[in-house]
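Take a look at the structures listed below.
Common to both upcoming complexes is chain A, partnered first by chain B, then by chain C.
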Partner chain A sequence: MRTRAILRIARLSAFSRRSTLVLTLAAIALATALLIGVERIRHDTRQSFVQSVSGVDLVVGPRTGAVQLMLYAVFRTGSATHTLRWSSYRALADHPAVAWAVPLSLGDSYRGFPVLGTTPDYFAHYRYGDKRSLTLRAGRTFERPFEAVVGSEIAKRLGQTIDSRLLLSHGAGNDLLPEHGDKPFTVVGVLAPTGTPVDRTVHVSLESITALHLDWAGGAPLPGVTIPPELATKFDLTPQEITAVLVGLKQRSDAFRMQRFVNAFRDEALMAVLPGVALDELWDTLDIFERALRGISVLVVLVSLAGLVATLLAGLNERRRELAILRSLGASPLDLFLLLACEGLLITAAGAAAGLLLVTGAAWWLHDALRGAFGVELSTLLPSPDEAWLLATILSTGLLASAIPAFRAWRMALADGLTPRQ
Partner chain B sequence: MPGHAIEIADLAFHWPGHAVPCLDIPHVCVEARERLFLHGPSGSGKSTLLNLIGGVLRPERGRLRVLGHDLPALAPHARDRWRADHLGFIFQQFNLLPWMSALDNVTLPCTFSPRRAAEATRNAPLDGEAGRLLTRLGLPESHWRQPARRLSVGQQQRVAAARALLGRPELIVADEPTSALDAELQQAFIDLLLQETAASGSALVFVSHDRRLAAHFDRCIGMTEINRAAAHGG
Partner chain C sequence: MRTLIFLLSCLFISPLLAADSYRQIAWEELIPKGWDPAKEFRDLDLANLKDSDPRAMEALERMKTVWAQAPTEPSLAGKKVRLPGFVIPLERKGASVTEFLLLPYFGACIHTPPPPANQIIHAVSARPRGRMHSMEAFWVSGTLEIRRSETDWGNAGYRLKVERIERYEEPLRK
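This part shows the complex of A and B:
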């Protein structure tokens, strides 16, 4: 009863000073949004990465960093600097422990979206999320050269539907790169959304990739040589080089044995990574940045709470009269301590709630953009347990910080009695 | 109900760090329901005495019984509780929480005193009793729900008086409640206050530096007469 009354007085009193308190509240809201936002992006990025690779036992590529191999083979970011020979792929695919091996050839792009050369096996064996396989929303998979299957994001963003034509660029990139203008592709299939980099990928056959580059050498068209598409298909289009291989094993327990086999491969320098291990390595790399970001956000929260303390302390002198009135009505110094503590907590809670709202709104707003640009699926739902814990920490820190002005009010109540000395 | 509202004997107090005592009162007695006018120049210890009577300060020595309670013997929180239950205060000005409505200001004592809440709601709901007091003190109903800061000083003092009277505390202490009012309003306010304290059966200690206002009180005493420290120290 009494605590409720004190809470009510705190609420009304704070509301009467809203013009000064609103800035403090906004600072707390922004700081909370930053802290929660950083946490949410961290969590959702990891989630997106973990979702993107499931059911693959090994990723094999030319010898490079494990993280780098994962980044370009699975997440389609970064670029491959080396290639591996087709003969090495054959040796791998024919190994008795291997159930399936899907070759990947990267390096071209369509309006900034990566182009993946692969075999129809890719659609059969690739798994994402909780071991879910890819499904076509429309059309079929590619069967002949110059046919393409696009991810849902591309279809949505660029309006690519069945039978539209795509002109690919050489390299991972922008409009300045030379286009494979002479050999247009036809969209024959659109994949259902997955929330993984697949949504942002143009899938074509390995033969298409070879055909595209028949009249190319060293990353540029051969001057004076053009091979039209209808002629290109007459060549032997078996690729000579690919970028990486996704491997599924008959028994997962063979993973380490197989890894040793690949790492010791005689014909060329190869490496095999276990996706889980490589992801852990990636988290370790990101950890420093995440910690730095988190540290900064925590500091910003502390600064905003310091602002709260300063505002409450500054207002206290003008409120001596108010405190003396409450005192004459029978409020104890402890009541006045509680009054100030409640006020600080109320402002912190309102600020934190506003911050949470802000970050949820921002996530909702940026959801499509982030998915399109990075393949990161932001969760727009309620706060996760981790975030709830962060919010609780902000609230308790706010309460702790409010103890400073509250203590001051308590001291004032004892010193002033019924007649404040102005 | 004991016969004395306030009983003071051989009371001494001095502020920490001050060499000379602030109060040294050999004897003062205020009867129950008595309306006492207490006057004295500033610095004569009036405010200190009110803080002692209110149980906010504790005397160094001497006897201080208010409404039959031995105040110095009570723990600080018990004195706070006692003050909420039995005392109504009216100050010079800025009596009200400016951001609360007049009505909410009047009912504020009930927040801290269930006893006064029970007394105030004996015959009517709380807002009804608060409204009754505001009506008797002449604040039009159209002003009841306005924030206190919108009221004139005279209106604010009426709200403060209504608050002090709510729940019939046995002792009303008014500390220069009319000094912020215009001369013609002063006497009207005092008459209202005297009439309402009589109606609620409370004793009244009215402090002022202005002796001209003492006319309608039962008794008038000066700080310099009762406080040896003020008489000697000037």
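This part shows the complex of A and C:
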């Protein structure tokens, strides 16, 4: 009975002073949105990265850094510093411990999206998430040169469907890139959505990549030499160089020995990484930044709660008469303490709820953009258990902070009695 | 009344019984007795060879081949065991690991060869097991299996069906 009365009075009291408190509420809302938003992006980015590769024992490439190799071979961002020879790929694929080896060739792009040259084995062996295979939403995989299979994001954004024509550009990460205008590609298949960088990749055959660059040298077309597409297919289109290889072993426990074999390979400077270990290395590097971001967000929340405390404290002087009236109606000093504490908690709760709405709205708005640009799947639904825990912490901190004005009110009630000093 | 006491005591005893059903083993037990990989190298004076000496490199290559043929201990097939090790996550579901490799020592140093085939365990879990970072130490309990090798490059390997995982805590030094 008493608690209900206190809650009611607290609610009405705060509402009657809403013009003063709305700024405090906005501050708490923004602070909550920042904290929850940072946590959500951090969690979902990790999730997307981890889900991008499954069932691959080793990623092999020219000797660079483990994280860099993973970034361009699996996540298709960044660039390769060197290539690996086809003969080295064959030595790897023919090794008795290897079950399958899928070659990857990167370097071209289509309207900002990466183009991946590979073999049909890619669609058979590439797994993501919980060992899920790639499936086609429409059409088939490529069979002849100049055929392309696009990921679902590209199909959605650019409206490409079966039989659409694509003109690929040489290079990546720029708008002003030279185009392979004389050799258009035809879309023959569209992949189902995966929530990984596969969605934003154009897949073509390795032979197509070789054919594209037959009359190019050093990154630019050879002047005066043009080889039309029909003639290009008559050449031997076995690639000479590729960018990376995804390897699956017959026994997963052979991973370390295979890694040593690749690292000590005498014919070329190669390196092999275990995806799980490379990802851990990536998280370790990013950990400091994530912690810094989280620390800043926590500070912002504390600042907004300090604002709440200041507002409540500042208003207490004018409320002395109001508190005296409440005392004359039978409220004890403890009731007044609880009243102020409740007010603080209600404002914090309202601010946190508004902040959560803000984050959900932002997630809805950014969802497609993040998916298209990075292949990161942002969750837009209810808060995860970690986020719920953060919200609970914000609420309890708000309640603790409200104890300061509540204590002041208690002291004032004791000192003033029924005759407030103005 | 007596049946109630009997049932209650069964209830209390059963977790104790369950806890004892895993035999704690040491990594050495995974090596069959009588396998001596060092016997090939007794004639070499390894202590006086530099790392870059061609004889040392050749010996390393030979050791790698010998370790690759490392046999498994057949008596351990199907046994419930518990042993500590360092993990290398292979497959994750979200943030939780579902498949990993278990190793007897920390780090994959370039100067030393990788562990022999009978000192690496491929552990698979039916349900996700929580966060694991590369090279963290855990006590792993489960059923050990020996998988026949499908390649002629190495020997059969150990596989573990994971049933329980505990983080490894260093006992406090007195």
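Just so it is clear, the second predicted complex is superposed on the first by the 421 of 422 C-alpha atoms of A that agree within 3 Å, B and C clash if a C-alpha of one lies under 4 Å from a C-alpha of the other, contacts with A are read in each partner's own complex, and residues count from 1 in each chain.
Heads up, the rule we're going with is that contacts are C-beta pairs under 8 Å (C-beta built on N, C-alpha and C of every residue); 3 or more make two chains touch, one makes a residue touch a chain.
Fair warning: this is a prediction, and the values are worked out from it, not measured in the lab.
In the superposition on chain A, A:328 makes contact with chain B only, while chain C stays out of contact range. When both complexes are overlaid on chain A, the residue A:5 reaches chain B alone and has no touch with chain C.
Contact with chain C, but none with chain B, is seen for A:277 once the two complexes are overlaid on the shared chain.
Once the two complexes are overlaid on the shared chain, A:13 sits against chain B while remaining clear of chain C. Once the two complexes are laid over each other on the shared chain, residue contacts for A:252 go to chain C alone; chain B is not touched. When the shared chain is aligned, no partner comes close enough to touch A:87: not chain B, not chain C. Those residues of chain A that touch chain B in the shared complex are 1-2, 5-6, 9, 12-13, 15-16, 321-322, 325-335, 417-419. Listed in rising order, the residues of chain C touching chain A in the complex are 64, 68, 88-95, 98-101, 108, 110, 113-115, 117, 120-122, 133-134, 147, 149-154, 157-158.
Within the complex formed with chain A, the residues of chain B that make contact are 47, 50-51, 54, 56-57, 76-77, 80-81, 83-85, 87, 89, 91, 94-100, 108-109, 111-114, 175. Across the interface of their complex, chain C is touched by residues 46-47, 50, 54-55, 57, 95-97, 130-131, 250-257, 259-260, 263, 274, 276-277, 280-281 of chain A.
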